[in-house]
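First chain written, first letter: the chains are A, B and C, and each begins at residue 1.
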Amino acid sequence: MRSMRIALTAVAAVVLVAGCGGEDSGSASPAGGGGAAGGFNPPNIPAAQSVGQGEGQVNLVAWAGYAEDGSNDKSVDWVTPFEKQTGCKVNTKVAGTSDEMVSLMKTGQYDAVSASGDASLRLIAGGDVAPVNTSLVPNYADVFPGLKNKPWNTINGKSYGIPHGRGANLLMWRTDKVKPAPDSWGVVFDANSPYKGKVTAYDSPIYIADAALYLMATQPALGIKNPYALDQKQFDAAVSLLKQQKTIVGEYWSDYTKEIQAFKSGDSVVGTTWQVIANLAQGEKAPVEATLPKEGATGWSDTWMVAAKAQHPNCAYKWLDWIVSPKVNAQVAEWFGEAPSNSKACQETSDKKHCETFHAADEPYWTKVHYWNTPIAQCLDGRKDVTCVDYSKWTQAWTSIKG
Amino acid sequence: MNTSLSRGTKIALWVALALGFAVIYAPLLVVLVNSFNADRAFGWPPSRLTGQWWAASWDNAGVRSALWTSVKAGLGATAVAMVLGTMAAFAVQRYRFFGRDTISLLVILPIALPGIVTGIALNNAFRTVLAPFGIELGLFTVVVGHATFCVVVIYNNVLARLRRLGTGVEEASADLGADTFQTFRYVTFPLLRSALLAGGLLAFALSFDEIIVTTFTAGAGVQTLPIWIFNNLFRPNQAPVVNVVAAALIVLSVVPIYLAQRISGDARTI
Amino acid sequence: MTKAPSLPGGPVRRLAGLLHRRPGLRLSVLLSAPLLWLIVAYLGALAALLLSAFWTTNVFTGDVVKQFNTENFRALLTEEVYRRIALRSIGVAALVTIVDAVIAFPVAFCMAKLASPRAQRWLVIGILTPLWASYLVKAYAWRVMLSGSGLLNWAVEPFGLSGPGYGLTAVVITLAYLWLPYMILPIYAGLERLPNSLLDASADLGASAFRTFRTVIWPVAFPAVVAGSIFTFSLSLGDFISVKIVGGAGQLIGNVVYDNIGAANNLPFAAAVATVPVAVMMIYLVAVRRTGALENL
């Protein structure tokens, strides 16, 4: 009937619009589909030239614990003072993994993001973030030199963000259920583990690097030098280790509150964690401890970046300056349990030995921590004779690891 | 009635009914008890009972604004669904046309297909089609998403009622000189009212509790109650508040459901 | 019959008259909005999604590459893990449907045939009330109950057993619990329409309770059961939230779609995976149409 025919034509129209619309033409995807870190050309997006009046609001994508407004602990709040000082109301979306952050930033609804190294390059290459004019962020001058101009936040000399802090992924365990206290990642990779069904692991493809790190120490014959630069043979070894680990895993976590709850109730007794989770669990009277195992660990170095199409760029820049100011940076670093990025923050921490404990100025220490990085086909450890496995394969492998 | 069933069978059936209701209500009782549980991780049995969570929930601004957003979305979606569902039901019941049978299939599709598919399809469509016009994801898109699967509820109710009514009354009204609009306003609509109300209440309930499609259509700024619950489910500070909210909803919902049953007079329309 | 006095013909009345004289126009008006909404907006969105399943994503930048290829479907069909997950999801959905049907039938029968009309109304209210308790809270209540230190373990420990913990069993239990009212109500409605006289006649003719059930009740109730199963099957097939809450380390097809949309930022692949539950449901719906279940909703 006529109305049916008209309807069908309209459907076709919608499909065509959806098919032809949308912006993908501006992407700077280099031929071959993957860019080398530092060796690709990001889209040309201008950095802001000045910071004007606040727009009244700022939408952030942040790791848990980075934008505390008192709702977790009344005394832990650096958002409300910011709102009072600048008039920018803060809306935070807590993301559990770097992948979530990348996809959230792609929606264009957020103004700033605290990106780890495995997200920052993807955001830059995808044109989702703009270069940051560091002269507009006064506190940038005091950031540790060891964090400036790094491959994951600076491309072709242009700075894309303000370093936030750095830390390592730790091993957490229930002191009453796991004895003796573990000092090696072996406790979560042991196929005959006595804690079968109560082990937890981080729910993201980037966790494959943790398996590679363990193999670096236990199977040196594989020749792994950088857990993010794995050729096919090394990658397969890591994947089969993880498939074996799945048999003892009870739950994978990406929501930090779920991990806290699982450790508190005893459904998880050992696994990967962040210092802030251990702190919160201890605050909940759960008997847990966390440590950096002897094989080293993966970790992160986070950078606050500004969205390319930010709707509140002025408030975003104000937030960037706020979060790396000495007092606030010290608060975040202590709450989260990481090393601050502002050298002056070390005098502001309530625990005077915080910077020492977290190795804030200890550059040799950070050579043992392998920051999250996006694996690409061009091996990140410099090997030219083999192709490394890129992140899309990591993602597919992760689905088959979880079965 | 039923002298045909043996006593044994009858007792077995009553026991089954009791067990069924016990199974349905046990977790809800757990929720209710946990809303008074002093232990924030809800260990069982609860060591201590406290009323502090109920007090805390009342002050919680996040809950109140999420509740209000859910109510707004629910009312909007129900209103749209009422209009669309009634129109479709009239078309199917009163006319014959090509593709008439497919309409029932089409109307049920949004609720029959997995929510995640509806969610990502709508999200994709909103971003490519509406974004260029400056319409961002927000309350409007949530209402659109909810209305799409609420239509079937109204449609079924109105269809069933129209089937029972027949066309006689409308024809009589036309004979007496009422035009199409007057007939609808003075004759048909009052007869449909109770069906619309019952369907509307169920549609509102569907929209109020919906999480999956909403996750994809809500965008950054909009938090309906289920989204608020989802974000706070595991947080130590907020989890007890979540229990309180759920317990309050259960208790409060008896009233509208009872009204819906009275009004529809017909206990079987879902 | 005397001609009715002609009332002042305002524009509204003229429009009404036009509508009255032309049923085709009335039909078009009635159908326009719903069809626009359902076909153009909804089906169009679905079609656009299907179209995007034929594209790929540049994983490094995350942008969609709009070149037609069947890479996603090839990966979906050849890699064993997706087959496994799809079959597991269908299995879970089927199991949930069966469990719900088995529990719901006696409950609905008792409600329809043995309860007094007044009790019936309250019983229906009793079934509908839990639907207002948030889905998430109910799932979370099961997480708490199934936990190592939760209610279930506490109850069965004296018998030397232990609860199922988190995993696929927990998912089936939780989903069966969540959708039970959606199965009870259509069966109740269907059984209500079954005349008691048929049951009496069957007994008079000497049929045992089981025979009566098999030959009299079941054929009438079957479309209603199928109607309820549409809800339980489809709601279970695409579910990913309950899996996240009580599923432990497992994943169903809804999780694969969700992870690819969110974490992996790979909409084309997520769309390709999503076609599996859509195809399954379409087949299911077309199959049940013939049983007349769609009228029983």
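Quick note on the criterion: a contact is a pair of C-beta atoms (placed from the backbone, for glycine too) under 8 Å apart; a residue touches a chain by one contact, two chains touch by 3 or more.
As the structure is a computational prediction, the values presented were derived from the model and not from experiment.
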item: Farthest chain relative to chain B (centres taken as mean CA coordinates); value: A
item: Which of A-B and B-C has more C-beta contact pairs; value: B-C
item: Distance from chain C to chain A - Cα centre to Cα centre, in angstrom; value: 37
item: Where chain B and chain C are represented by their mean Cα positions, the distance between them in whole Å; value: 14
item: Chain A and chain B: spacing of chain centres that average the CA atoms, whole Å; value: 38
item: Contacts with two or more other chains, residues of chain A listed in rising order; value: 14, 18, 22, 265
item: Interface hub residues of chain C, defined as touching at least two other chains; value: 31, 39, 41, 43-45, 48, 52, 149-150, 261
item: Residue list for chain B, restricted to those that touch at least two other chains; value: 43, 97, 124-125, 128, 233
item: Footprint of chain A on chain B - complex, ascending; value: 40-41, 43, 62, 97-99, 124-125, 127-129, 132, 136-137, 219-221, 231, 233-239
item: Residue ranges of chain B in contact with chain C within the complex; value: 1-6, 9-10, 12-14, 16-17, 20-21, 23-25, 27-28, 30-31, 34, 42-45, 83-85, 87-88, 90-91, 95, 97, 104-118, 120-122, 124-125, 128, 144, 147-148, 151-152, 156, 174, 177, 179-182, 205, 208-209, 211-212, 216, 225-226, 229-230, 233, 242-243, 245-246, 249-250, 252-254, 257-258, 261, 267-270
item: Residue ranges of chain A in contact with chain C within the complex; value: 3, 7-8, 10-11, 13-15, 18-19, 22, 24, 27-29, 33-35, 97, 99-100, 102-103, 106, 121-122, 125-128, 197, 204-205, 246, 249-252, 254, 265-267, 374, 376, 390-392, 395-396, 399-400, 402-403
item: Residue numbers on chain C that touch chain A, as the complex places them; value: 28, 31-32, 35-36, 39-41, 43-45, 47-48, 51-52, 57-66, 75, 79-82, 84-85, 147-150, 165-166, 248-251, 256, 259, 261-266
item: Of chain A, residues touching chain B in the complex; value: 1, 4, 14, 17-18, 21-22, 59, 71-72, 91, 93-94, 107, 109-110, 255, 257-258, 260-261, 264-265, 280, 284
